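First chain A sits with chain B, and in the next complex the same chain sits with chain C.
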Partner chain A sequence: MADLSLIAGKNRLPTIHPAAALVAVFLLFYPAFASNFFVFQIGAYSLVLGTIALSLMMLAGYGGMVSLSQLTVAGLAGYLMAILGDNSVGVMGLGWPWWLTALTAIFAASVFSALIGAISVRTEGIYTIMITLAIAVAFFYFVRQNYVIFNGFTGYAGVEPPVLFGVYWRNPTPFYYLSLAVAAFFFFAVLYGARSTFGLSLQAIRDNPRRMRAIGYDVTLHRIFAYWLAGLIAGTAGVLMVWFNGRISPGSVGVDVVIDILVIAVVGGMRHPIGPFIGALAFVLLENFAIDLIDRERFNTVIGLAFLLVVLFSPDGLLGLWMRMKDALMLKRRTPSDSGGGQ
Partner chain B sequence: MDIAFYAAWPSDPGVLAGPVFRNRVGWRRDLLRRFIERHTFWAIVILISAGIFLWMIFAVWPDWMISTLGRKKTFVNTFLNGLTLAGLYFLVASGFTLVFGLMRNVNLAHGSMYLLGAYIGYEAAEVSGNWFVGLGAAFIAIAITGILLQVLVFRRMEGDDLRQTLVTIGVSIVAADLMLATWSGTTYQFAPPEWLFGAAELPIISTIRSSGQEVFLKYPIYRLAVLAVAIAVGIALWLFLNRTRVGMMIRAGVNDRDMLAASGVNVQVVFALVFAIGAGLAGFAGVIGGTALSIAPGEDIRYLLASLVVVIVGGMGSVPGAAIGALLIGLAEQFGLAYFPTYGVVLTFVIMVVVLAVRPQGIMGSS
Partner chain C sequence: MITDKRTLIAAAVAATLAGPALAQEDSVKMGALATLEGAFTVLGEDSMRGVKMALEEFKYTAGGKKIELITGSSDASPDSAIRATRKLVEQDGVKVLVGPLSGSEGLAVKDYAKTQPDVTFLNGSSAAQDTTLRDPAENFFRFGTEGAQWMAGLGEYVYKEKGYRSVAVLAEDYSFPYTQVFGFLEPFCRLGGKAPADARFWVPIGNKDYSSVIAALPDDVDAIYVALGGADAVNFLTQYEQAGGDLPLVGGSITVDQTVLGSKGRTRDFVVGTPSAGPISDTWDNPSWQEFVDAYKAQFPDGFPSPSLFAHAYYINTKAALLALDKVGGDLSDGGKKYRDVLSGLSFETPTGMVKLDERRNAVADIFLTEVAEGPDGNLLNKTIKVIPSVSQTLGVSYDEFLKYGPVSRENPKCG
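After this line comes the complex of A and B, so read on.
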């Protein structure tokens, strides 16, 4: 298994790959040379989307559960930020302090995610997609219909991050570093978690739930706990998302966005936590620069076709494509391939 | 399933009693009898609530009921709306569940097929000036689309459920965008034949005026026609699946695909046929539903959600399950809309959750 070799192969304190170190340095100094547009609209946005997709990757890649409701979880956290905190619409907006709002939103999102898990884990495989998609669509219709709590079609605007330590966190550079910190935290958490006892048993459950059940593991509980963890990731990303956009409406949790997250995770690759971020970067770049190539209106066709191409020709995404290229190169050089099969 | 049932209670005298089982109808009747014997309490509850329901529809409501539940007209209209919506949902979901049952393929582009069928039907009806031509064109065009999808895409990745599903998602994204490009965001309205217009007077009294005159309930003919078509399609599907040779092959394929292939049947042809029927039904429903409501972008998602929930509730792969699920969801949606508008979706959702909690495989699903 490629993912295991990547993660568990170098078991002691990691010897950092030069490329990884280069990427880390690049990400850290990125705002120093990039324009505000590139820092905020490309950099920070990719990191936020990547973090949401990371929660899907974690469930799908390690748990074998393709949950399409991760964006819905993030959306709930975003809505809660507007409902419990401040917004400029004049509906709800209970005015809680920002830290309490954020913590509550993230916690509520994780519980929501665990509930979704509890509903969907009793069925397996392909059924999970259907049930989570149904939940996501139902949530979309619900927030659109409900004016009392979710302010219906209009949704909320004017949701601002706090001014803290004299910094306005929605400015491009501070927000970039905030998203980078959150993304990096969850990236390493997932990387580490996959090697933990829980992570390994989750992967074992993915590969053979019946055997794990026979050994005495509580398969259902493991899966629900995975959903809860994924909810923490998605919820935190949801808070960032609403700060990034400043607003949230049913359109932010619509089916097309739900599918976008799936597209990001699949295009990036679900074998390694870096996949969702690669996918998110590709997606955001395409979203911003496809206009130069084609009509802005037809963006969905482009993204849909890109998605189809990836699914048809490289089921494990760009990451898998790259790994195969690397393998092919290595075979040419007649060196023993040690990245292909790590069992 | 019959054999499994048979083997489960070998010592049950009812099972061994022989003559009842000569035909399927006898089997069904016996199933009903067994249900009443085993769950007497629930049988009584169901019977009583059905009785109350019928009484609520046909009787003239006393004043205290009007004050608690609102006007009778609202109630009966909601009920009829729920029934006709259920008919529409059944048309869409039966194809979805048929395809799933045989191929284990969740076709998430099913909603797109519904919408594409509606658009094609609209164009055909505009050109020919005949609504029925549109209906036929939609069925045939979408059936061909389904066959193409099956032959060009799904056959290449057989056994890889997840990838097939992802492909259907990709197809639905592209399809939705191209349809938006072709037909723009405008709402279209069909022109059904004259005799389908108007309202029929039902033999249901809505109120009695103070003058003693009875006021009968009126209901759009077209919606009743939708219900009739759905029932007809349901019966036709049942006959096709249970009384024809091809239907037998399909049922055998649902139970054990490999065994069917091993016994010399060309499964690929059966697959293509089922896909054609399933997709064709979606296109057909597109015209029916598009006439009842309207055609607009976003309808694909709505009917995809409906199909998903209906088959999750009814049991995946089961056509009778789709009927039951459609009935539950259609009624729930309309009653939710009429009696608690902002939480209508929640009712649908609660039904889904309850069914999943009690019977994860759905009401008629086989585990």
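After this line comes the complex of A and C, so read on.
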């Protein structure tokens, strides 16, 4: 019996936590009871932002590399959708079929991400942040000043998702499910990847690169490959982002948005892939409703304060807060029952 | 037990997420969208003052219904404008929306308006040409005029009165300054003026260092046409003055307005005499304008010395929305169809003269040719030189003829 479970252990379905099942059911049936606004602008947008932040979480959480250029990677994919596909601006718009455009955009974004990795992985900590931030800023200024390819300040508008199987994919419910499918795919991929040989080596490199190098691992290559994978995630999310907005301009890849993604990942929590999605939901809710809570001139202060409080009281984000709450609850529940058993 | 608790929490979360606010029958929800964050925050705040002035005037009631104002904020980027608009329309359920403020935002909101045929959109102060000229939306109205209209009369004036024959152009690099440059150069070049392509300088919004632009300015021009706004205008004027620049200036509508003239520094003497044009003039001695200025000062002691053109544009559009609402008795039950019919035919007296709409729902209104002068109390003001009556979007030619001029851009008109 013990032997059998040892052999079958890897293939056995993991026991599903009731909370996870509940969340899955909730996410699946969400459009059935939520208004279009909540399905599209809160639900789908959180999933898209969460997916971009997931690529940062993967690099930072498992690889120890905080890259601020993940949004830039997503932005490149978005721009390529407008440049290679169709747009309504009358600049570029080569009119490739949507699937070819999307695949090229995602692949190019991942290669771009790997290049960023190649430049930055030999550095540590704050220097990685500086290099990737510099790349993000350079990309922002480049697209703003380049008129031939990126159409400068105006950027591109009228980027449409395809009509496939008789469904217009920007309608709230179809787009929500599309984002959910992509987010779920990458969520489980990251979850699985973290326990794969590569994922474990990456985490080992994060903890002690020198020892890993001594054992014979190619530390640089592992890191660059991680960047490439993160680029796939960010690139796909970038395609969704441009479909969501219907447009892309330098403002979509500006420094403030780059910081937003970092805030989402940090506030959500870097320890588990669910963190970025929690962070994204919190961010989107605050962004939309803070203005209703307080005087309109001060609502950005509310957003800032909320995030400050989270980081101050829970350095590992909302995820850490939740874990601690759970621990406290468990402890409280166990204590009376234990004492009851004693009597 | 713990599962029960989780279910309860989940249900509570679901309820809060899903429940849209219930609309009250005896009130109408009106949205106002302006830039309350980012580089144009100050302008956005003044816009909201304009909205409030109009609402105060109507005591927050129109057509027998209470007006419930819901504000939204963007940061001058089209993405943020769309997100805020979508929230106001789809979540808060506004039936009438006033906004946005900036040119490229207006183009985006116009596109969005087409997907919400039952909601009526009135422009704020966004002044890009194609918001109404090409491919307009049926339910998007602009009672304030746009950037090319604002320049009416300026090109002729500097050619004939000032005697300038060639100008250099310095402007921000997006849709609104394109529209302004087009509006200024079109008549100027038709008369025989020159503005060569290598003497046009386009800077990004928020540019701080103008030394390279100043160094590259040609000597053989008669004047510089400057279409910069807010802090950009202040920065350029200060640096040009310090660099010993001596070319006369011609100003865009927001280059020498109150938001710039009110700033401290030595640029003051330097800009006196700069001609400009726009939808308002600080010193117009018409009683209705004076009344408007007095009401503004009384209501907002912490505002500008005189209302900016943003407050003016938002005021006019909000007032149009309320007047039409009065006429239909607050009845928007047919998806606002009747309401929009009334709006299309609406013409009313504003602080700056009569306004009416053309067939693409863009305003036809008076424009003021002005010149910067020192006021009696030492403040710089825009002195009225001339009022150009009833300026239309097509600047006096037919629609088809006007389309031949082509869309506004960095190179339109050529005029090399």
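To be clear about the criterion, the second predicted complex is superposed on the first by the 313 of 343 C-alpha atoms of A that agree within 3 Å, B and C clash if a C-alpha of one lies under 4 Å from a C-alpha of the other, contacts with A are read in each partner's own complex, and residues count from 1 in each chain.
To be clear about the criterion, a residue touches a chain if its C-beta (ideal position, glycine included) is under 8 Å from a C-beta of that chain, and two chains touch if they have at least 3 such contacts.
Keep in mind it's a predicted model, so treat the numbers as computed, not measured.
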With both complexes superposed on chain A, which partner does A:W98 reach: first (chain B), second (chain C), both or neither?
neither
Is A:Y177 contacted by the first partner chain B, the second partner chain C, both or neither?
neither
Could you say whether A:N300 touches chain B, chain C, both of them, or neither, answering first, second, both or neither?
both
Once the shared chain is lined up, is A:P18 touching chain B (first), chain C (second), both, or neither of them?
second
Quick check for you: in the superposed arrangement, does A:L308 touch first (chain B), second (chain C), both or neither?
first
Taking the superposition as given, does A:Q145 touch the first partner, chain B, the second, chain C, both, or neither?
both
First (chain B), second (chain C), both or neither: which does A:F38 touch?
second
Following superposition on chain A, which residues of chain A contact chain B and also contact chain C?
145, 297, 299-300
Which residues of chain A touch chain B in the complex?
66, 119-120, 122-123, 125-127, 129-131, 133-135, 137-138, 141-142, 145-148, 255-256, 259, 262-263, 266, 297-301, 303-305, 307-308, 311-312, 315
Considering only the defined contacts, which chain C positions touch chain A in the complex?
2-3, 6-7, 10, 14, 17-18, 20, 36-37, 45, 48, 71-73, 75, 77-80, 82-83, 86-87, 90-91, 104, 107-108, 111, 173-175, 204-205
Please name which positions on chain A make contact with chain C in the complex.
18-19, 22, 26, 33-38, 40-42, 144-145, 152-154, 157-158, 245-247, 249, 251-252, 254, 287-288, 291, 296-297, 299-300, 329, 333
Chain B residues within the chain A interface of the complex:
104, 106, 108, 153, 160-163, 165-167, 169-171, 173-174, 176-178, 180-181, 301, 304-305, 308-309, 311-312, 316, 341-346, 348-349, 352-353, 356-357, 360-361
